[in-house]
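Below are two complexes that have chain A in common, paired first with chain B and then with chain C.
And then the complex of A and B:
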């Protein structure tokens, strides 16, 4: 092999090694970035669950009312039942709530004096084909009031928000 | 003979020298080609490596900016959600850097975006009015409830320290409508109810001018002519008995566009916080949609509650009346009709239900 050829091969070898090092560096960088993004996505998913819970628990369609004024500290049993009925039977009402509760299970649970569970919305039935990345569940205590008797029961309001894998 | 031999020797030596010279020249040319190749190789390889790193840096910078925008928009959305559930409050969001974002509304929903970028967040769950692009390090979030007559939702009014509300005659009681509008703007948001103070206007990007009858008074036009308003975004809103009219102007335009009727006088506050007619109509459509859904839920609830009473019970009678009125509201919104009479009727039914100690309709 001639001297000039050896020199060219030397240069190419240096370049190849350099590219390998750069590729390894980039791989580490992208892995770190991906981990960082996953962390941010998880934070946003949790934040989304908080937002959905906050919005739903303060909606006038679910909150109690006292002489026409909303009272967000409790939920109206008849409003819960009415909304459940409409979500299952009136498509335009369901479409309206879809951006809020689309991928969330919304559960109202009566704890005391009697126990009962009302599944306001079940996302897992409607979205069986989706690949779920993570589920964030948030439960807040809520009184549940029967508007006829005015009697309040102790209960919880749970929202399970699913994040879809892309 | 000897001479001839000598000549031949001399000739051979000359030929040899020429050959050596030619050989040396060939070697030198090869060296030159090799050097040139090396230089070319270094320049091309160096250029490619430099371009590669330039590309990587640009990509990293773009990704970093996109991530920052996403985090800022996500946090803003969370702040708005928090504010949304607290009616009749004014929150001031302060930041060390200028926050710039735009609110837009169309048939597909509402988005909050960073201008001139792809970054955006869906805010279709919220009803948000904003008089233009928000661009300041201090943002105001004012939340007001909508009651028709039942509590429907909270509306978010977004503005910043670079937007000025000038309600012509708003600080006098000669025009109660303008006075009420002026008082509805919470203290803290830049506003004036009297004549323009020139120096104050200079500091703002967007001016919302409200008056009782067009055209604008001489004082305003003079300032406009002198150029105070020329380089600003401005909305000119006229409120009178026949409704609310709106004309808009961007900083590139030298005058306002045509003044158009956008809504009824009761909607004047929402028009003041709208960047144009299209935005107002779209957001108003969201309010109607929310009202329709809430009325539908209340209609069903009234039906369920009425069914719990025995026939002839006054509670059942009133609840059935309420159910019908809620149904009327749903139908009238669907057919784009006015439902003011139903609102009054429902208010009376609800008062009757309170008197009878029955469960209220809303």
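And then the complex of A and C:
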């Protein structure tokens, strides 16, 4: 083999090694970027969950009434049951709330004095074909008022918001 | 001379790879330490909402009075919880409910009551777990009951 050929091979070897290093660097960089993007996506998904949870938990349609005014610090048991019935049995009501509720499971749980769970909306039954990327679950404590007695109970309001994989 | 320059080149590459790794690791670690904004939002909301919920709950064994009224009755020495001692019952009830909520969700917390700015021996502060973190969110629920300033303070450590 001539000296010039050896030099060419040397140059090629250096280039190959250089390309390998660049590829490894790019791999590290894209992995870091992908992780960052996933975190940002998760953060947006959580923000969306917070938005939905606060919107739903402060809706006058579910809030207690005090002297004709809605009191969003607590939820009315009768309104919860009525909303559950309407969401499950009246298509136009469901369509009206769909932009807010969307792919969210909405659960009201009574903790005191009795324990009971009311599934206000179950999105997972209706959307079995969708590929879910992540589910964010947020629970906030709420008073649940029985309008017949006026007594307030301890409960929680949970919204499980699903983000769809695109 | 040629071999020396090759060794220098190799050393340079090793240094560059090392620097790259250090930057990557540092970047990855600092990203993990950031707490997501929504979580912080919820931490701020939790003591506000929970304190409100607890104080407004009607207690079955205490004439269905709200907790804040029961605590006030306790401070005034009145008996409203049937055969139970009002102060003991109100405090035990509060401990149980805090355990069922904040305890279940693994939060450290402090709950204390003041009347006219003073803590009351009838209702000593309640501590749930030891707070080992620096973030503490406190919510004071002030109200005027029977002409006295009643304050319930819930601090959540996260």
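Assume the second predicted complex is superposed on the first by the 134 of 166 C-alpha atoms of A that agree within 3 Å, B and C clash if a C-alpha of one lies under 4 Å from a C-alpha of the other, contacts with A are read in each partner's own complex, and residues count from 1 in each chain.
Basically, a residue touches a chain if its C-beta (ideal position, glycine included) is under 8 Å from a C-beta of that chain, and two chains touch if they have at least 3 such contacts.
Quick caveat, the model's predicted, so the values are computed rather than measured.
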Problem set entry | chain A as common anchor, with chain B and chain C clashing or fitting | fit
For this session: Scan A:124 for contacts with chain B and chain C and give back first, second, both or neither.
Result: neither
Exercise. When the two structures are overlaid on chain A, which partner does A:33 contact: first (chain B), second (chain C), both, or neither?
Worked result: first
For this session: In the overlay, answer first, second, both or neither for which of chain B and chain C A:148 touches.
Result: first
For this session: Report for A:86: first if it touches chain B alone, second if chain C alone, otherwise both or neither.
Result: first
Exercise. So, does A:21 touch the first partner chain B, the second partner chain C, both, or neither?
Worked result: second
For this session: Name the contact category of A:111: first (chain B only), second (chain C only), both, or neither.
Result: second
Problem set entry | First (chain B), second (chain C), both or neither touched by A:47 | both
For this session: Classify the contacts of A:73 with the two partner chains as first (chain B alone), second (chain C alone), both, or neither.
Result: second
Seminar exercise, completed: In the overlay, chain B and chain C get no closer at Cα level (Å) than 10
Exercise. Following superposition on chain A, which residues of chain A contact chain B and also contact chain C?
Worked result: 47, 50
Exercise. Which of the residues in chain B end up touching chain A in this complex?
Worked result: 34, 37-38, 41, 45, 49, 52, 56, 63, 67, 70-71, 74, 77-78, 81-82, 84-85, 109, 122, 124-125, 149-153, 289, 293-294, 296-298, 300-301, 304-305, 308, 350, 354, 359-360, 362
Problem set entry | Complex contact set, residues of chain A against chain B | 4, 7-8, 11, 15, 18, 22, 26, 33, 37, 40, 44, 47, 50-51, 54-55, 58, 60-61, 65-70, 72, 76, 78-79, 81-83, 85-86, 90, 93, 96-97, 99-100, 147-148
For this session: Give every residue of chain A touching chain C within the complex, in rising order.
Result: 21, 25, 28, 32, 35-36, 39, 42-43, 46-47, 49-50, 73-74, 111-113, 138-143, 149, 151-154, 156
Problem set entry | chain A partner contacts - residues on chain C that touch it in the complex | 13, 17, 20, 24, 27-28, 31, 36-39, 41-42, 45-46, 49-50, 52-54, 56-58, 60, 64, 66, 97, 100-101, 105
